[in-house]
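Think of it as A, B, C and D in the order they're written, each chain with its own count starting at 1.
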Amino acid sequence: MQNIEGKEEKMKNETYVHIVNKMKFKNPILVEGLPGIGLVGKIAAKHLAKELKAKRIAEIYSPHFPHQVIMKKDGTIRMLRNVVYGYKKGKVEILILIGDVQAVTSDAQFEVTNKMLDYFESLNVKEIITLGGYGKGTTVDKIKILGSVTHKELIKKYEKKGVIFGEAKGTIIGAAGMLLGIGKLRKFNGICLMGETHGAFVDYNSSKELLKVLCDILEVKINLDNIDKQKAKHEKLVKEELNKLSEIDKSEGFGSLSYIR
Amino acid sequence: MQNIEGKEEKMKNETYVHIVNKMKFKNPILVEGLPGIGLVGKIAAKHLAKELKAKRIAEIYSPHFPHQVIMKKDGTIRMLRNVVYGYKKGKVEILILIGDVQAVTSDAQFEVTNKMLDYFESLNVKEIITLGGYGKGTTVDKIKILGSVTHKELIKKYEKKGVIFGEAKGTIIGAAGMLLGIGKLRKFNGICLMGETHGAFVDYNSSKELLKVLCDILEVKINLDNIDKQKAKHEKLVKEELNKLSEIDKSEGFGSLSYIR
Amino acid sequence: MQNIEGKEEKMKNETYVHIVNKMKFKNPILVEGLPGIGLVGKIAAKHLAKELKAKRIAEIYSPHFPHQVIMKKDGTIRMLRNVVYGYKKGKVEILILIGDVQAVTSDAQFEVTNKMLDYFESLNVKEIITLGGYGKGTTVDKIKILGSVTHKELIKKYEKKGVIFGEAKGTIIGAAGMLLGIGKLRKFNGICLMGETHGAFVDYNSSKELLKVLCDILEVKINLDNIDKQKAKHEKLVKEELNKLSEIDKSEGFGSLSYIR
Amino acid sequence: MQNIEGKEEKMKNETYVHIVNKMKFKNPILVEGLPGIGLVGKIAAKHLAKELKAKRIAEIYSPHFPHQVIMKKDGTIRMLRNVVYGYKKGKVEILILIGDVQAVTSDAQFEVTNKMLDYFESLNVKEIITLGGYGKGTTVDKIKILGSVTHKELIKKYEKKGVIFGEAKGTIIGAAGMLLGIGKLRKFNGICLMGETHGAFVDYNSSKELLKVLCDILEVKINLDNIDKQKAKHEKLVKEELNKLSEIDKSEGFGSLSYIR
């Protein structure tokens, strides 16, 4: 495989950034959207990459991802992985990190994060925006976008874009936190943007609100209609499943008074 | 122990391929049949090695296999391990990988797989066939052999042998997946052949159907009668156990109304 | 980051002592108060550092601490970590080790402890005092301070300060034990000072008694009033929470005879 | 600490054999008795070391042993560890390995075992006798000593001493198995001697029978009276505990018909 120094290299027993396309950047912003609460970050980042027609530039494999391969519809298999997309247009330079999974243990998160940061450093990344959901445990009427930054002096800049500070409490778990936490120690700066969400459901609405703020920050314009279409599709699927379950309930008498266990 | 470079080497704290017999190959096909769903792959691969009278060429030990030794009937002990058998006759060259166990964690699977691929590379393997069961959760009348390949262009070749593509969904867990997934990144190509099976039982029938297709692919002919004998033996054993349990049930009154706990 | 040899160093995938302020010591005593039983040690050590106005000299990061970042009230994030404070006044030289977390597994505790001891060695530490709670499983009227030392000849010295020996039984788990256990093998000497405590509650009283003995040993005088204020604050908080729960109980009828589940 | 090459060495983050006393051997037999089923092996090996007045020659520390220190009655702490004792008298040379704990995971068992074997190799050990209990799940009238060897040709020699072969089934878990399993791959030979035991209780009787056979093999004579004294002491303790529990039962009505939960 092609490593980040451009050399052919054997798969080793560690996290590996495999370069698919070489693309040079001067000062790109990294946007991370790996799977997390309500899939808010993942949906947003994936949509962004798609709408920008960003180019796949690297694949990340790790012994800390589950030891499974995915069977695709076309009859082929592929490893679980993370993927980095690159986008350049004029002064706007964006990297987007999405993927199937995150590492689960602390050791593994550290290794994966450090390997990724090595790669992002080689692409001259200085600013990192991680995306996530902020679980409220309840449905939210007006979704706010909360933020937490690596350095205090960044707050003003993001507040102007509508990001709310000081409201998010607790900890940020996983890549969205580690990229900023370890990143800060390695001289990166950045923000975690969190769309408020229930937490127990996939939330396209929160992703959409998040994307609005994100696009404003990145100074790009994208069509958000597709996110509504995906939402409609997802909701139809969920309803069908629920109907199936309710049919089963009726036939088996679950939940009815006549059913005694 | 004899390592893959032919040198004496001390046991280290990592997965180790111990060469038992040196045997050279030009372009062998690797068949993997480690323990998995319904033991479909293991039974098939073991039967193949036995019928071909293949030669034991390597033993694989790993700190990631359980820390137990097996007490054999002859009064000796042996480590848990994987074993590689080699077979050559004219143009037909086959390696068969079977064993007691698989590593359980992702890290461990990566290490074991990479060590094995190093060894298989040294034997000029380019094509890998992994065997497994495809759990249907229900009994199957007509057992189909499903496939998933590393590269799209391989599909045609295997379809001609009766392998069905595009039907298997989800992921392949463990060695059968990893050898292909990591293998693909390391320039191997291959297929996972899956015999449909219930999933909750040892399934000799599925193994037999799998073997028919496999032998056709490998261009070898073997006697399959022994697999039926093993099946009969296994079924007798299971019935005896069930009878014992039912005797206990009767005497202790389990499940009867007279039994009150 | 600044490593213990004073060089800039990249974050690696291991426990890392990041030097924040260089401060030289001739023969400092290390006081450890990481989170443990009843938070007895943590409260005492934190109070000591605060009252002495000790200076933050190092931060310890580790892949064995949870992969989370804390969102602070000021809108910024920070990694979970341990922190070392330094204090010098005349002949009195004290290092204080406190933090958010401890490593959970044995391997991790060994790595973290050894890295810390490397650092403490470089600061000429020879004596280590670890603080903890000694769980009695019941409320204690007169809190005794129990001790267990690395070397028998140290007992007399500490007995004079009111520490009771031979009464504590069982094992000391985590940093308070490891720093002394591994420390002993690495030629450090020291004591674990344990304040008797119930074990199931945060115990400011035990911390206070512990601090009295500790300050006598360290030959420093500090104001202990703040610990009482913190205690009052903590108790108020707990009471409010309990009241809320009891309100819920009343409204939902928990625990009353009319409530049937 | 003093390492196995006789050099001073810092504690590293791996299993460490710390030499306490240098003692030379020509061809010693290693006897292992770490904690296992019914403590049969541990009691026997400990008794042997005591009666032979064997000399403590090495201590083994490991990051894979629990991260705890033991508080001793004399007011000092010590790390959990394994200990090697040495005994020499004429042609009889014996090493005895006992300890507080075993490593729990497979990786850890491999590391610890390999480190120990490095040490035993340096002392010219060729033969290993591991001790254990063989759980029968029921009380045994006449305790048999079962064996399983590394090499078939050893069976005769041990059969003459009353060891029974071919009867023990299943696997040997932990050090008693690993020292022989990995040992065999590293050119050691040996036997696991198992005293039949219930499995759920500490079994001094089985240890005593085991010791009789072991002493015959080792060609030493020791007094076994102390094992009976220990047994009596242990039984007294267990009875007292049971009486206490039965007092509680009476007062609280456990187990009586009048008690309704």
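The criterion applied here is as follows: a residue touches a chain if its C-beta (ideal position, glycine included) is under 8 Å from a C-beta of that chain, and two chains touch if they have at least 3 such contacts.
Owing to the predicted nature of the structure, the values given are computational and were not obtained by experimental measurement.
Visitor: So if I look at the partners of subunit A and the partners of subunit D, which chains show up in both lists?
Guide: For subunit A paired with subunit D, the chains in contact with each are B, C, in label order.
Visitor: Only C-alpha atoms count here: how many degrees separate subunit B from subunit D in terms of the superposing rotation, rounded to the nearest 5?
Guide: For the C-alpha superposition of subunit B onto subunit D, the angle is 90 degrees.
Visitor: For the copies subunit A and subunit C, give the interface type as same if over half of its residue numbers appear on both sides, and as different if under half do.
Guide: different
Visitor: As a test of understanding: of all chains, whose mean C-alpha position lies farthest from that of subunit C?
Guide: Measuring from the centre of subunit C, the most distant chain centre belongs to B.
Visitor: I'd like to verify one number: the distance from the centre of subunit A to the centre of subunit B, where each centre is the average of its C-alpha atoms, in whole angstrom.
Guide: Centre separation, subunit A to subunit B: 37 Å.
Visitor: Counting only Cα atoms for the centres, state how far subunit B is from subunit C in Å.
Guide: From the centre of subunit B to the centre of subunit C is 52 Å.
Visitor: On subunit D, where are the residues touching two or more other chains?
Guide: none
Visitor: Where do chains touch, given as pairs?
Guide: Inter-chain contacts occur between A-B, A-C, B-D, C-D.
Visitor: Can you list the residues on subunit D that touch subunit C in the complex?
Guide: Residues 1, 10-13, 18, 61, 63-80 of subunit D touch subunit C in their complex.
Visitor: Tell me, which parts of subunit D touch subunit B in their complex?
Guide: Result: residues 105-107, 109-111, 114, 147-152, 155, 165-166, 168-174, 177-178, 180-182, 184-186, 192 of subunit D touch subunit B.
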